[in-house]
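Both complexes shown next keep subunit A, but they swap its partner, so subunit B is in the first and subunit C is in the second.
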Partner chain A sequence: MFLQLLFNSLIAAAIYALVAAGLSLIYSTCRFIHFAHGSVVAAGGYFLYFFYSLLGVNFWISVVLAILSGAGLGWLINEFIYRPLRQRKASNTILLVASISVLIIIESLLLISFGADVKVIDFLVNSRGIVIAGAVIMPLQVAIIVVAILLFLLLRLFLKFSKMGQAMRAVSDNKDVAEIVGISSEKVYSQTFVLGSAIASLAGILIAMEQNLEPSMGTILIIKGFTSAIVGGMGTILGSAIGALTLGVAENFGIWYLPSGYKDAIAFVILFLFLLVRPSGILGIKSSFKN
Partner chain B sequence: MSKKAKIIITIVVVLILGWLIWQNVVRQPEVVSTDPIKIGVIVPLSGSGAKYGEDSRAGITMAQEFLAAKYPDLNLEVIYQDSFYTPKGGVDAYQKLVQVDKISATIVGASFIAIPIRPLAEKDGVLEIAVWSSSPSYTNTHNLNFRTTLTADDTIPPILSYMKSQKLQKLAVLNAENEFGTSHKDSFLKLSPASGVAIVFSEGFDGGEKDFRTSLLKIKSSGADSVFFIGTYGQLATALKQAKELRIDIQFISQGIAEETGLIEIASLSAEGLVYAYPFDNTSKEAREFSKDYESRYGEMPNQYSAEAFVGLQVFGEAVHLCKNKIDVNCWKDRLDSMGKFKTILGSGSFNDSGDLKMGKVFMKTVQNGQFVKLVAFGT
Partner chain C sequence: MIPYLIHLFILIGVYYILALSLQVSMGFTGLLNLAQIAFFAIGAYTSALLTLAGVPFLLSFVLAGVLALISGFLLSLPLNKLKGDYLAVVTIGFTFIVYAITLNWIELTRGPLGIPGIPKPDIFGYVFNSNESYLVLVTIIAIVIWIFVRAVVRSPFGRTLEAVRDDELATKMLGKDTKKIKAISMMMAAFLAGLAGSLYAHYITFIDPSSFALMQIVPIISIVIIGGLASLPGTLLATIILILLPEPMRFIGFPSSIVGPMRQILYAVILLAVLLYRPKGFWGKVELE
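And then the complex of A and B:
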């Protein structure tokens, strides 16, 4: 039973980590919480549904198209919502409020476009589970965990060694100095939103295949992703992963002993405790990009 | 004119004036309205319950056409508001309908939304008809509230009878943490001891829950041979799928939420063998024409949600017609209370003293080869 609970925890942690990764990336560069990230996750899943289930495009090509569409959506949000607000010297609070509005608008558009009923991506529907010492895990769930781990490793390497990653770090550390040395902060913001939204789309694709699609799924996911990012250290990529793991384990082991109705309460108690005792999270904001 | 005559004339004039004042001021005049009679429909048009709202809307649209054909003089205006499948959403929708749209009656979907609206409707003098609302407590008090749904106390005895016939004795209950879910759990706790079924595990889950793996592991540990699941069809399908993935071999039992094509789409082979109690037979003699028309329009057979919504507006329309198309809530209430036995697409029956429509049968059904198949019927 312990092993099965551990598997359940890892699956939940991987899902939260996938959401938190893009959110943390955007926060670390742009310095505001992009709540609409949750709706981009949902949109990623719906893009896959649109290309694969409705248009009948090959599954793997649909995945690529969905990721590109999600990246495009992120670019559009930055270009037409956040950039004009930044140009008017809007505070981070205003950007936060705008992001919540965008979250609601995108979810409403998904509802109007695809309807309210639950949608299914019928790829890997009747696969067989892998049994390890009596505990069962499905191939898709293994894929989610592996993708989450690979994603974090690649993201870390990207931020450390690539030119774009170094530019993102420079803008994150000090936007004005970065501008002086010739790095365009607006270009970096745009690139960050494209990359973060592509990650969100990938997350949406995997989550849609595991949990199915409904228009409001983004709201629930962003709350868990946000909690993971806070617990791990908002703005730190590795911190998001640790925060997600902490949350996944706490929830699944917690509801073994408590009624499952307390699941969200466990998440919010953890969030509250960290905000009270260690608001910088496990790895802390000051260590942004040092991992 | 003599003094005596003047006194008599004065008294007669005062009496006539007094009668006129009483008619038009003290006694509210019945509004014989050329304006439409407005009925607000509060169902989820978004959120996790949106499919039920869509089905209800389809049923009500067909009921409007049915009433327009039967009573051409009937002038009803149906105004929809989204309840978001939450009590707060439902109450906000109700307030808007009463304050802005000035409705005289309302149809509300779901017990956990109809119940908080009931005292508000009572206070405002608005007739409330609840559809797909099975919590027994909705009609704990009855004045202006009615419903077209069989309660949990009606649907659970057939489930227990079926369990007994299948020698299922240890039941786990997994319910959504809302009035709908807890009322079913409470009904099981109340009715199961007499049937010899023991509740060995009981747990609630949040309305938005999608991961039932840990709960299913706990059910497996409890030694239960069956689980009664009550939530949305999407959640039931997810639980079925996850139980199969975890290789938990247990009989799943549910009720009306199960009969959705979406359940088969999501759960696929995991749904095979699911057993559920269902209060509507869309192949019955009474429902045949309705089902044929519904399927030709919407591409699927009607379900409990569309049928009860249809009947909800139908009975309201009948009451308004019997009250000569007047806006008179008390007259409508009296007509519904005294309707006697009548036939609808749900079957044959009448409103009881609590305002509950007792008609039709409860069918135990199952999923077999991706189809919803009848097993046995129980009368109400």
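And then the complex of A and C:
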């Protein structure tokens, strides 16, 4: 039983970590909470559904197309909503309110386009679970955990060694000095949105395959992703992972004792507590993006 | 046609009170308090459960506000530690927690099944059975609340609220206990939202968690921002416009499954447009900070 709960925690943690990583990346450079990130996750899943289940495109090509579309969506949101607001010297509170509006617009559009009923992606459906010491884990779920770990490693390497990654770290550390050195912060913002939204789409794709699709999944996911990011320490890659792990464990072990309907409530309570008591998270890092 | 209009005006009344409550905390005190929906829910459920248990309407109505006020007090406790967007997120979190409770505490709230058969208000023997009489009730209460809020806002306390919004540090330096002031503002806002919740519950006679999801805050924020922060006439005008605006969509012939999300899109788009092009709204004194 314990092992099964542990597996479930890891799978949930992998997904939350992916959502949190993109959100954290965007927060650390752009300095506001991009709530609409959740809807980009949902959109990523729906893009996969659109290309693969509706259009019948080859699965792997659909995955690539879905990620590209999600990244494009993120770029569009930044370009046409956040950037004009920034030009009007909007505070990050305004950007937060705007991002909630964007979240609602995208979710409503998904609802109108695809309907409120739950959608399933029929790829890898008939697979046998791997049994380890009485606990079952599906190959897809193993794949999710592996993908998440790989992605985190790649992200870390990217941020540390690539020029674009270093520019992102520079802007998140100190925007003004970065600009003095010649880094265009607007360009970095754009790139961050593209990268963050691509990761979000990937998360959406994995969720779509492992669970299912419904238009309001973005709202719940962004809360859980945001909780993971806050708990671990907003603005760090490692923080997203730690926070996600904490949340995954708390949720799955929590519903061992509580009625399962309270699963989502656990996330909200943890979020609430951390924001009150330790907003800087477990790793205790407040603003700049560190490895 | 007339019954339809009466229905719309009752909604305008309820939302006006809700918008006023947000105006008090956000427009006048500068607290980005997105928890109004939670207080609305607490008021609605309290009033519904109390009247169903036999408590007279007037008492339930007041208690709905009081219970919301107490929650507002609880939420105001961490206020000093948080500012700006972190405050917003905590209030969002609070809304979610209340939503989760209404969904899961089945013994109390019947969860997703909701609470049906909420009795119409019975004040000293007169039962507000018809929609027309309910409109009169809502209008009277709305006017009373408007007079109250207007009085508060024009009083020295109201000026202190605006001072806290404009420059909290300076206000503190002048010797004002800003923590207490913000808490009072929050409690007042929660109280009014609770009253609005009660009126809503007794009008629709059925409440369930879905009416109190986080998204429902968007129309309220839109009203306050479009009407203009710290502007009472703006709030009224914006409420009327925003409630009436999506209604023509019913007649254009969209299927009902689309009307709902289209309404949400409309509100969100208007909010974005206002934030982008006219952040002061119609008659706002200040921009959202």
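Assume the second predicted complex is superposed on the first by the 286 of 291 C-alpha atoms of A that agree within 3 Å, B and C clash if a C-alpha of one lies under 4 Å from a C-alpha of the other, contacts with A are read in each partner's own complex, and residues count from 1 in each chain.
In this text, contacts are C-beta pairs under 8 Å (C-beta built on N, C-alpha and C of every residue); 3 or more make two chains touch, one makes a residue touch a chain.
None of these values were measured; they are calculated from a predicted model.
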Clash or fit (per the criteria above) of subunit B with subunit C on subunit A: clash
First (subunit B), second (subunit C), both or neither touched by A:L85: second
Partner chain(s) touched by A:V97 [first = subunit B, second = subunit C, both, neither]: second
Which of subunit B and subunit C A:F32 touches, first, second, both or neither: second
First (subunit B), second (subunit C), both or neither touched by A:N252: first
Contacts of A:L5 with subunit B and subunit C, given as first, second, both or neither: first
Subunit B versus subunit C as contact partner of A:A116, first or second or both or neither: both
Which of subunit B and subunit C A:G129 touches, first, second, both or neither: first
Which superposed partner A:Q211 touches (first subunit B, second subunit C, both, neither): first
Touching partner for A:G261 - first (subunit B), second (subunit C), both, neither: both
Against subunit B, colliding segment of subunit C, chosen among 94-102, 148-156 or 202-210: 202-210
Footprint overlap on subunit A, comparing subunit B with subunit C: 108, 111, 115-116, 259, 261, 264
Interface residues, subunit C side, partner subunit A - complex: 32, 78, 81-82, 84-86, 88-90, 93-94, 96-97, 100-101, 103-104, 111, 214-215, 218, 221, 225, 257-258, 261-262, 264-265, 267-269, 271-272, 275-276, 279, 288-289
Subunit B residues touching subunit A - in the complex, by the definition given at the top: 44-48, 50-51, 53-54, 177, 203-206, 208-215, 217-218, 221, 233-234, 237-238, 245-247, 262, 265-266, 268-269
List of subunit A residues in touch with subunit C within their complex: 32-33, 81, 84-85, 88, 90-94, 96-98, 100-102, 104-105, 107-109, 111-112, 115-116, 219, 223, 226, 259, 261-262, 264-265, 268-269, 271-272, 275-276, 279
Footprint of subunit B on subunit A - complex, ascending: 1, 4-5, 8, 11-12, 108, 111, 115-118, 120, 122, 125-126, 129, 136, 138, 211-212, 214-216, 220, 252, 255-256, 259-261, 263-264
